[in-house]
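Consider the two complexes below, in which chain A is the common component and chain B and chain C are the respective partners.
And now, the complex of A and B:
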């Protein structure tokens, strides 16, 4: 009896140790696994009209962009997603707390390291629109200690506003400055609130979600709709998709490809 | 043993009260921060970490620095350090507690802190940092307390403490290594993206930690009957000296790589810190002061006649401690965030509430240290029969 009990404890102990070690190894090897995405699980939520892809991506045709179109895209996105306008509400000094999902910047800011002493004519004036790159290997997802930011199976890098602890590790990890933090309560600065999308609380990080909530009901992202054809959205894994055709026909560049994050946003300059 | 902390002189109680008052002020400002959000600090979208994470990084170093007492004593049987190991361990306890406070005040949603345990994420370095820091806290409390208790009862410490002591040595290295890994594994933050970051952190830690310990030893000797000898203090001083030289050497290695390679991404951060970039240079005087303090501290510690004069030694230790604090506790984080990923410059200056919360946390660390040291000194005085 005594012996068998000891045997049992031994086996149990080894099993527990093994399980522990196993999960540790799993944990370490997840560096890529975690990035490859979560199981959707909630199948009953799926809408038959939903747009689906293996890996969503976006192409920006800067030749078709203008300051007005960039402005229109930003307004449309920010209105839809209840992004606060601190500058309008509290004045210019609040610029440092600004929240932006998509915004216009210059070529030399979007494509650092590609500075050119003798640039093509008007390159400095070229409007470039930047947003989250929905990287294939997102460093933000790697850094997040709670998996509040995660990559879906269709490549979209998402935020769970209710799990985020506000440590801002993802902001340090993102090499594109695509993430914003709610340094104060955003609600007083939301104009024309959209009841169909959650507002955020102070102390959490947010960013572009490729309009996952619109894709789920069969609509294209708001910026794409507002872009007058300058943005093309589609499945990067589908060779027949519009975006793949556009990428096949044009020379495109991406932001900081040397960092190996593999961005899903492409630019025709 | 804790009863020793509630029997003290008038000066002791005044000191405790003063610390409590400072903590209360800091706490009031923290309540304001909880209410308003982190917007009351100087942090911004571009410089998204600031003073709090700076202090956290620096204090992890102070905590790890204690191992410079443990290694000679426990691995090389340097007996003189036996007298002060518990001081180093309790300094580590107070430093790690402060680290934890700084992490909590830096969170946007501190009430969700336990999400880190609820959703353990091994690919996040913050997860490992939590493990190594709490483990180190536990080890130092258990080791320090048991060794002191045994000393009080004039018996050798229990056998099971020994493996914990040996474990605590690599563990001390791990806390600062993992803390460096928080930063040096991030693509696109070129100021931190260097394999030398963890070694540099450790070198700074082994200078700042023991330098503070020397100052504490001098204070303890002046105000109590626990007489710490020349031998311990001089040995510590040499450790501070060589660790500070190593820290400076690592810094110069970084400077060489940036300047000789001429790669803008590597140059810009250093340029910002030491010369200012495109007219922005809020930190320039502080960074030069840091270099000046570290170099003069090293010189004073190198010259034997200066080092052996305890007033000069105290000055040298303050210089090294403050120099490394300016480097790690002020420049390290802002330097990493400026310029931002779009090559724009948003400067960072801590605000008054931020500084008050920081001072409050330092006061709470000093209070923990005071109580623990009061116990140690009580035991040592009891043994000395005074």
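And now, the complex of A and C:
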């Protein structure tokens, strides 16, 4: 049978339409199968007790701080988060591998700007406790190639230890030295391990997480609880919060504001 | 063409050695693992999802759990049966499956997979 061009085009057109419809039906059935099957991830939600904020922040009242309180805060934080103590385990030479989430430091180390040649008397003797500033524009997050460090919606700069590849770009990017690297296996140097919080492995960077795991169950950060009122924690975006009231009433400074990272930790001096 | 015998002998030796693992292990497959449930897991009857789903998909579920808990801050999970669980490997999964050696490890060893969960997370025996 000899086909005319017209007939050939008709058949070709119908074939193409048919094939198209077939793949459409196929696609729809795949889609509906996916819907009827279990799709994990649809059933997650926040704990109803969780503390919520638009931007978490902390105010450090240096007038109420003392060396003992700083020590207490550090111990409670480090115990809770399974932070290894290499110096206690291996001696002084391990200072270079020290891991810190929160620690006391000298005023001149915390505030390096030195704006004033003749500061108030005893200003530089004030005890200062430093930790991750949970910057509004965190340079560590920009530096991280795997998004292991990320900023949550509530302003907390978090580490996802699962994703960290240990490149330490974040440590180079952080102007506050808030990050520590596990140069060696931390487990042997963890005293009194807290089973509710994971440890880290060698080759992972770690830092303060504003106790995200405690906020999730309605508790304030461990350092705030141990601080005897020297630390105030709250929502910086809420004008009625305790922290905003404290900031409104007192003169506060932040670490290295000139760098434009917009830290969320404030110091009353 | 005088090396014909040598070549054939060589080929036979080569294929014998090459296929050694196949015929040596033939019919001697290791028995499939039988993960044991702990008393608590037996009493609970069902995991966060049904058994068949957990058996094939637990690794994906765990990945999902870790991502939603760490990255999205969502730390509660409601299963098909409407029960709500804390999203936590150490506190939820291992609370029931407290016998890691008899439960997790048996299949993982058989399948020769080494998940790195325990490099960081704590399992009950290890609690100090």
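Definition applied: the second predicted complex is superposed on the first by the 221 of 269 C-alpha atoms of A that agree within 3 Å, B and C clash if a C-alpha of one lies under 4 Å from a C-alpha of the other, contacts with A are read in each partner's own complex, and residues count from 1 in each chain.
Assume a residue touches a chain if its C-beta (ideal position, glycine included) is under 8 Å from a C-beta of that chain, and two chains touch if they have at least 3 such contacts.
The model shown is predicted, which means the values in this text are computed figures rather than measured ones.
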{"item": "Touching partner for A:143 - first (chain B), second (chain C), both, neither", "value": "first"}
{"item": "First, second, both or neither for A:176, with chain B first and chain C second", "value": "first"}
{"item": "Partner chain in contact with A:212 - chain B first, chain C second, else both or neither", "value": "second"}
{"item": "First, second, both or neither for A:105, with chain B first and chain C second", "value": "first"}
{"item": "Chain B versus chain C as contact partner of A:203, first or second or both or neither", "value": "first"}
{"item": "Partner chain in contact with A:193 - chain B first, chain C second, else both or neither", "value": "second"}
{"item": "Touched partner set for A:158, first chain B, second chain C, both or neither", "value": "second"}
{"item": "Dominant toucher of chain A (residue count), chain B or chain C", "value": "B"}
{"item": "Shared chain A contacts, counted only where both chain B and chain C touch the same residue", "value": "201"}
{"item": "Residue ranges of chain A touching chain B (in the complex, touch as defined)", "value": "24, 27-28, 30-31, 34, 96-99, 105, 108-110, 112-113, 130, 139, 142-148, 163-169, 171-177, 180-185, 201-205, 256, 259-261"}
{"item": "Touching residues (chain side chain A, partner chain C) in the complex", "value": "38, 40-41, 43-47, 50, 150, 152, 154, 158, 160-162, 192-193, 195-196, 198-201, 212, 216-217"}
{"item": "Chain C residues within the chain A interface of the complex", "value": "49, 53, 57, 60-61, 64, 66, 68, 70-80, 87, 90-91, 116, 119-122, 127-128"}
{"item": "Of chain B, residues touching chain A in the complex", "value": "36-39, 43-46, 48-49, 103, 106-110, 112-113, 115-116, 118-127, 130, 182-183, 186-189, 264-265, 336-337, 340-344, 346"}
